[in-house]
Amino acid sequence: MRPVVLNAVLCLLMLALFLASLAVGPAELGISESVRGLLAGGGEAAAIIMREIRLPRALLGLGIGFTLGISGAVLQGFLRNPLAEPGIVGVSAMAAFGAVLVFYSGLAGSTLYALPAGALIGALIAVLLLLALTARSGSTLTLILAGVALSSLSAALTSLVLNLSPNPFASYEIIFWLLGSLKDRSIEHVWLALPLTLAGWLLIALSARAIDALSLGEETAASLGIDMRRARLFIVLGTALGVGAATAVAGTIGFVGLVVPHLVRPLTNRLPSRLLLPAGFAGAALLLAADVAVRLILPAGELNVGVLTALIGAPFFLWLVIRSRREVF
Amino acid sequence: MTAGRTSAIRRSLIAFSAVAFSCVQAIAEAPTRVMSLNLCTDQLAMELAAPGQLVSISFLSRDPSLSPMSGQAETYPVNHGRAEEVFLEKPDLVVTGTYSLQNTTGLLKRLGFRVEEFSFVQTIETIPGDIRRMGALLGRKPEAEALASSFEKELAGIEARQCGQRPTAIAFEQGGVAAGSGTLADSVLAAAGFRNLAAESGIVGMAPMSIELIVSQKPDVIITRAGEEDTPSLGAKVPYHPALRALQDTRIGPFVPRGTWSCGGPFVLDAVKALARLREEIAPCGALQ
Amino acid sequence: MRLEVENLDVALSGRPVLRGIAMSLSPGEVVGLLGPNGAGKSTLMRALAGQVSASGSMRLGSQDLSALAPAARARLLAYLPQTRVIGWSISVRDVVGLGRIPWRRLGVRPTAEDVEIVDRALALMDIAHLADRPATELSGGEQARVLTARAVAQSTPALIADEPASGLDPAHQILMMQALRRLAAEGRMVLVSLHDLTLAARWCDRVIMLKEGRIAAGGPPEAVMTPECLADIYGIAAHFARDEGGLILAPTGLTAVP
């Protein structure tokens, strides 16, 4: 498929699901009522619901999905490994732990800014650890095992911190941090995540040539004039910024970054840089769709969106492992 | 653990409980060593027990965000609801909640301790009964009767001041959970002269209520949990979601003093009074006439 | 424009690997870099490509190679590493197109010139018929030529190829050497490390012999590749023959325990 056509199709799909996300919610609003509420504003219930509840939620779904998709694509390109993904390699889990540690300890008062700050530090440590671990042997096995260790450790530490919190209700929030949700987010969360996410996208976009060159190995990439230290810095920071910000406001949402590049790659010429934009669009579309689905499946209790992405993603991951078993083991 | 060790422990437990049981038998009517394992029985027991009668209360009672009697609780030793603590203390009466420590309660009963359970699926109407029951258990019937009847009288007084003006309210807890029908909060709201929108929307017990529904119903008051400022949690921020703050005619805040309606006890009156004052402020009865 | 190396020293983690290297390359030349394993052939090539730090002087024409930014260097000198890596099933044409990276700005589509250069590189390496195949599905010999074409598409005056013929069958080895000769005929300078002595003797204009980090001998194959030299550098005896294409060398045994 030609890149322009592919990007246009995926972008339209994303926008359609964005609108669907705006249309779904427990308050039954008609289409004209929703549109009027969204555009006109004011103190009417419809306007508040559209602008303060559904718009932030849809924006976060779009931005976080895009981030997860593009982060998965850039990590796979960078590590030349089709199983790399912020969730699987433990970056999301570490980001969640960082956010939980800084926020619930009350170190920064109860300000929401503690969340992205902590998540960013956690994500950064995770990416640096992974790079250090895979520098010696870049094998899939090392990467996945390191990811498993990092994920379980940070999930355990997240639970520990929440259980030790002086707030008796904090332990109920373990499920949010481990399985992610876009429920009850507000425009504050959008402002919290957006600048960091945009900076992450920019850094990842600037690494486009580097990941292309890296498909021929580090030596060739360096001989093509790629500054490897700069490229590594950009990708580490870009992923940490994006995934950190996403996790800070929505918890750990796994597998989007894994599934999406694989679905989209066959439709591209397979150059890692050409995958970035479509993977972003498709990631946004997937997360928006999952978030619409959780609201339709269980309207009252509302499933965590990470449950749904794991239900789709984990079997897919297993299939990938089986397919590449010879390489993995 | 090996079978030998297990049975050794069991033997010593049985021996121990036999001692404890014989103590209970010896003391007949008024127990002298009472242990309370539950935040809510703590309150009733602290109100009614004679000096020295209550030997330990649950650790939660010292938490100011949960317990309106945290100051008084400092003067009692605390327990964490563990069976071992009970063995060591050798009480002749254990009071606890029905749902709180089922495993511990069952074990204690099997070992011969006298355990009295209080159901906390309660409403404001069940409180005087619970006060009287605790009084009877502690051998403090006159004190309990005085407390219960003054509770009934004050409550009746507040209810008498109600009028046709019934503003709407939602008791919105951590993480977007609302108090629906059958809850203590529901009956407190009714006593203070409010309509509980959560119950009217079909919510039963404590259950999640979506912010969208609350916005579309525009309650006059959203009552949040008090005392969460010092220990951050995400759930505590839900009742202050910008969508709810955007409701211009809705008051949001911890209008009920800390911990006063988390347990069915005499303190519930403070919650009713605070809410009744709020109701009077929002919708003065005089305006109706 | 000539490549001039003088007084080049390289140390890897404190251990001297290359000492006092002096050499030069002229346009139109294919120069073979020979020497036993561990003599420093790969290190010398990496130093020229700017991938290990070196002291001494490396100049290409008027440019001081060690002072250039990576991207500028990549427009003067192409490097083909020994290990062949193709990460994704990218088409042959796109792999070769990666050679244009130093010439392209971020986010700018390939120009008509880029496309033309890639086409010429494909034709030069005789892989135009494979252009739309995924490079990962090709044989080792074909992949080697694809990756060489990638270096060719870099359009640099100098090409440095680390054992491009290793692991190839005899026909593919000859195809590879023919292609390098065509590049030289276009006016480029080519430095190629080889293990096959006959290949070096018949296809290179000059050979440079490395031993323990120093240049032991250099010059036309006929002059340098003598029995004494082979005994000194590789510790082998060889059968020598000659035909119209040049020397034929077949190692027959060891002269000393290596």
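In order of appearance the chains are A, B and C, and numbering begins at 1 in each one.
Definition applied: a residue touches a chain if its C-beta (ideal position, glycine included) is under 8 Å from a C-beta of that chain, and two chains touch if they have at least 3 such contacts.
Source: prediction; values computed, not measured.
The chains in contact with chain A and with chain C alike: there are none.
Chain centres here are means of the Cα atoms, and by that rule the chain farthest away from chain C is B. With centres taken as mean Cα positions, chain C sits 43 Å from chain A.
Each chain gets a centre from the mean of its Cα atoms; for chain A and chain B, those two points are 42 Å apart. Taking each chain's centre as the average of its CA atoms, chain B and chain C sit 82 Å apart.
Interface residues of chain C facing chain A in the complex, by the touch rule stated above, are 46, 49-51, 69-75, 78-81, 83, 85-91, 94-95, 98-99, 101-102, 104, 106-107, 134, 147, 150, 154. Residues of chain A touching chain C in their complex: 77, 80, 206, 208-209, 212-217, 219-220, 222-227, 265, 269-272.
Remark: chain A residues 25-27, 43, 45-46, 48-49, 52-54, 103-104, 106, 109-110, 112, 114, 165-170, 172-173, 176, 183-184, 186-188, 300-302 touch chain B in the complex. Those residues of chain B whose C-beta lies close enough to touch chain A in the complex are 60, 63, 65-66, 174-176, 207-208, 210-213, 215-216, 218, 228-238, 241-243, 246-248.
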